[in-house]
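The following blocks contain the structures, represented as structure tokens.
Okay, so chain A shows up in both of these, paired with chain B first and chain C after.
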Partner chain A sequence: MSIELRNVTLRVGAEPHIYETSLTLKPGGFNILLGTTLSGKTTLMRLMAGLEKPTTGEIRTNGTNVTGLAVQKRSVAMVYQSFINYPSFSVFENIASPLKVAGLGKQEINEKVHRFADLLKLTPMLNRLPRELSGGQQQRTALARALVKGAELVLLDEPLANLDYKLREELRDELPKLFEDTGSTVVYATTEPLEALMLGGHTATLKEGRVVQFGKTASIYRRPATMESAEVFSDPPINTAVISKSGDQVQLGSVASWKVPRELAELPDGDYKVALRPHHLLLDGGGVEVNGMVQIAEISGSESIIRIRVNGNVWVSQTQGIHSFVYGEKIRIYFDAGNCMYFDADENLIDL
Partner chain B sequence: MNKTQNNRAWWLVVPVLILVAFNAFIPLMTVVNYAFQETFGDNVFFWEGTTWFEQVLRSPRFHASLIRQFLFTGMILAIEVPLGIGVALAMPRKGPWVSVCLVLMALPLLIPWNVVGAMWNIFALPEIGLLGYTLNSMGIDYNFTNQPIAAWMTTVVMDVWHWTSLIVLLCYAGLSSISDDYYQAAHIDGASRWAIFRYIQLPKMKRVLTIAILLRFMDSFMIYTEPFVLTGGGPGNTTTFLSIDLVKIALGQFDLGPAAAMSLIYFLMVLLTCWAFYTIMMRNEEQ
Partner chain C sequence: MTRSKKWIVPTLYILFLMLPIYGLLSMSFKTTNEILGGFSFFPQEFTLDNYIVIFTDPTWYMGYVNSIIYVVINTLLSVTVALPAAYAFSRYRFLGDKHLFFWLLTNRMAPPAVFALPFFQLYSAINLFDTHIAVALAHCLFNIPLAVWILEGFMSGVPKELDETAFLDGYSFWRFFIRIFIPTIAAGIGVTMFFCFMYSWVELLLAKTLTSVEAKPIAATMTRTASSSGYELGLLAAAGSLTIVPGAIVIYFVRNYIAKGFALGRV
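And now, the complex of A and B:
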């Protein structure tokens, strides 16, 4: 099912929750809504599901206007961050519940439940109650319920957020495969850029109730159209600074300068903005040298995350190996100018 | 490494032991003392064995008050539990009315038992009470002081008025713990209002409801002050519940032996019923 939001806005009282948004999701795709908490991911899903009626604009599925159509009349399934199952139903009954509502025969229900229980590795737990399951199994049950329904639109609202690290990885690998054959259009909300990258598909970056950009996940990551989009799609936060171009040199305050990149070559002298991902900012190697002062150094596994004050901005370097620094230490960091993204004064990407 | 033995910490338990001894164990043993012996005063006791127990258990008077007691408890549970759940479901979840409703609900619970009894006594008096007068002027012959049915109805309604709030508040707490996602999910599934109640709200309320029923059972089974002030157990013996009967025997007739035996039987009944109820509910929970 294709779903299209056409100039949709949502206001609750006088407060805007979603600013004018247009978004078209192709049938059968895996779509990610990426944004921080309160960026409007859940609200957008509620609008798509029909749980919320847009203040203005319309929602179309397969080309027909369904704005205001009750959720029960649409082909929608939703999975939540908190594991939602019927508490007094066994796993079997939980998975069977949408089929019973649909009025399927006993034989067919039995067959389908077993097929999806098998797919989600729930077969040994079919007779248990949700509270007798681990978090991962509870969420698998909820996923099975969504899958068995065969809904054309499946909304997954941060389904892995409450799971522990291991289970999250495991389920994240399985998710796109699970929905591959169903033909459902899947919408997946997450706060983690890494998760979006791993899931692939298309991504919409969201900020404060606005869709900033929508496109192929990998290309949004590589070529974010705006600085906002780059910021949403980076964890740890992306490093930004104002640079000024004069002649064949760009200057970053007094701390660094490098040769004008191809992107800026044709443009007039003046101020531009630069963004650089933390893993491109290194402690050794060649390229542009920057002087800074260490603020915090954290170790995360085999990586170090170092916050450095550079010309009034706080930059983050994410480097391999374990490095320890003390607060206030002077440090020299390096980056390859080819990894920089340049934006104009309106924070739009300067692309070649 | 040597561990030093120091048992002085046990002394810390002494205050609790003294408290429990004075407030539970010693009074209970005094009752046990009376239940197995006969006394004519002057602290002279004669061993009677199980005589008093047999006498109480065989007495038609005890049977009658026991039946009345079960009837009363059954009636108020049958009214208060569904009514309490209903009111809790109807209460608003959000907004300024929540606190208004909660305060209104809590009010009856804050009124002392004897005041409730006195209030309803005056309220229901046929000549001057608002309820009694209104009913009579509507042509309904109502006088709880000499009509057994009217006395029963008034007692039951009084208890419902006083205690339904407890069930409402507990159920409301249970309902508030259900996240909106459940309702949303049920909505997407196309579940009916009844299905939402039966398969989401009721299972989620089960624990608090068990506690509510248990509390109401215990309290109503031991009810004394309210019916005593309202009807004094009358007309005749028609609203003489177990505890009223017990006080009549112990303090009215001064039959200390049978009264003590009856107290123990009464106590064991409450204890056993609660234990059985709780065990069954918890076993269901585990299954």
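And now, the complex of A and C:
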């Protein structure tokens, strides 16, 4: 199903929740809404589902205007972050419920429920009540209910956020496979850039109720159109700084300078902005050398995350190995100028 | 205190609590003469006569029947009306919702005596005086606000996403409400019914004012007997003991839910 948001806004009282947004999702694939909490992911989903009516603008599916159409009349399924199942129904009845409402025959319901229960490894739990299941199994039940309906639009609102690490990875690997054959358009909300990259498909980066950019997930990651998009799509936060170009050199304050990159070669002298991903900022190796002062160093597994004050900005280096530093320590860090992204004064990417 | 002595405090506590009930029960097995004669811990001449009178004399047992009829009508009426109201308060924001909710509660704060006279006049005017439905309706004034208040707490404990999931699954509102929502808050409905039942069961003033013969409640029968034919204390004790029974039965069924109601801070 194709779904299009056309000049949609949503205000609750006087407070804008979604600023004017136009977005056409990729039909039959994974569409990821990436943004921090309160960026409007859930609200956008609720608008698509019809649970919320836009203040202005329209929502079109398959070319027809469905703004204001009753939720019951749409082909939509939704899975929430907080494991929503019908508490008084068994797992079987939970999965069967959309089919029962649709008026399918007993035989057909039975067959479908068992097929999806199998797929989601719920067959041994079919007679249990949701509260007798683990969190992962509860969410699988909710997913099975969304799948069995065969809805054209499936909305997954941070479905893995409340699961523990192991289960999350397991289910994340399964998700794209589950929806592969259904032909459904899947919308998946997440706060984690890494999750978006793993799921692939298309991504819309969101910030404070605005869609910043929409496109192929990998290309948004590699070439974010704006600084905001780059910031949303980076965890730990992306490193930014103002640089000035003069002649064939760019200067980062007084701490570093390097040869003018191809992106800026044709442009006039002046101030530009640079962004650099934390894993491109290293403690050794060649490239541009920067002097900084350690703020804090954290170890996460086999990686170290070091926050460094560089010319008034706090930069983050995500680097292999375990390194310990003390606060205030002087440090030299390096990056390859080829990994930098350059933005103009309006924070739009300067692309070749 | 050593481990083996731990039973002492709860035992004393329970004994202390049970003492008045024991007093009533033991009186109900005595003759009135024995009760008036002096204090005895056990009945000297054990008799079931008091209970036999109650179960054979219609003026007595119809009191129980009348009470049970209007209490059941009232409980069902209150819960039926309060369910949609509580749903609205828990799920929707509308102009003045909080004030309306508070206003409902203020009905519970007014003493029944305030309403007794106007109610008497009103129910007489519409020919409902001395009917079960009259008392059941009058008690709604106190029980519906109570039921809305308790149910709203239970309903607000159910995430709104459950409703939305059901609508997305294709459920119409009423099908969702009856098939999914009501079973989900069954515990809350049990607790609510208990409180409505108990209030209506013990309320005397309105029940007495609005009835004379046909729908006379047991409590009214008890007061009138005490004044007309001398002090039939044995009979009154037996009647009193029997009034505890319905409440005890209802408590037995909802005992597990009451704790849940307390946890929600609404009971």
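Everything that follows uses one rule, which is that the second predicted complex is superposed on the first by the 352 of 352 C-alpha atoms of A that agree within 3 Å, B and C clash if a C-alpha of one lies under 4 Å from a C-alpha of the other, contacts with A are read in each partner's own complex, and residues count from 1 in each chain.
Convention: contacts are C-beta pairs under 8 Å (C-beta built on N, C-alpha and C of every residue); 3 or more make two chains touch, one makes a residue touch a chain.
Quick caveat, the model's predicted, so the values are computed rather than measured.
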Chain B and chain C placed together on chain A: clash or fit? clash
According to the stated criteria, A:Ser82 is in contact with first (chain B), second (chain C), both, or neither; which is it? both
Looking at the overlay, does A:Ser97 come into contact with chain B only (first), chain C only (second), both, or neither?
both
_Looking at A:Ala49, would you say it contacts chain B, chain C, both, or neither? Reply first, second, both or neither._
both
| query | Just chain B (first), just chain C (second), both, or neither: which does A:Gln72 touch? | reply | both
| said: By the touch definition at the top of the document, which applies to A:Ser22: first (chain B), second (chain C), both, or neither? | reply: neither
Of the listed chain B stretches (1-9, 19-27 or 109-117), the one clashing with chain C is 19-27
Footprint intersection on chain A (chain B / chain C) at 49, 51, 71-72, 76-78, 80, 82, 84, 86-89, 97-98, 101
Within the complex, chain A is touched by chain B residues 179, 181-182, 184-185, 187-191, 199-200, 202-204
The answer for chain A against chain B in the complex is residues 46, 49, 51, 71-72, 76-78, 80-82, 84, 86-89, 97-98, 101
Contacts from chain C onto chain A in the complex sit at residues 159, 161-162, 164-172, 175, 180, 183-184, 186
Within the complex, chain C is touched by chain A residues 49, 51, 71-72, 74, 76-78, 80, 82, 84, 86-89, 97-98, 101-102, 142, 145, 149
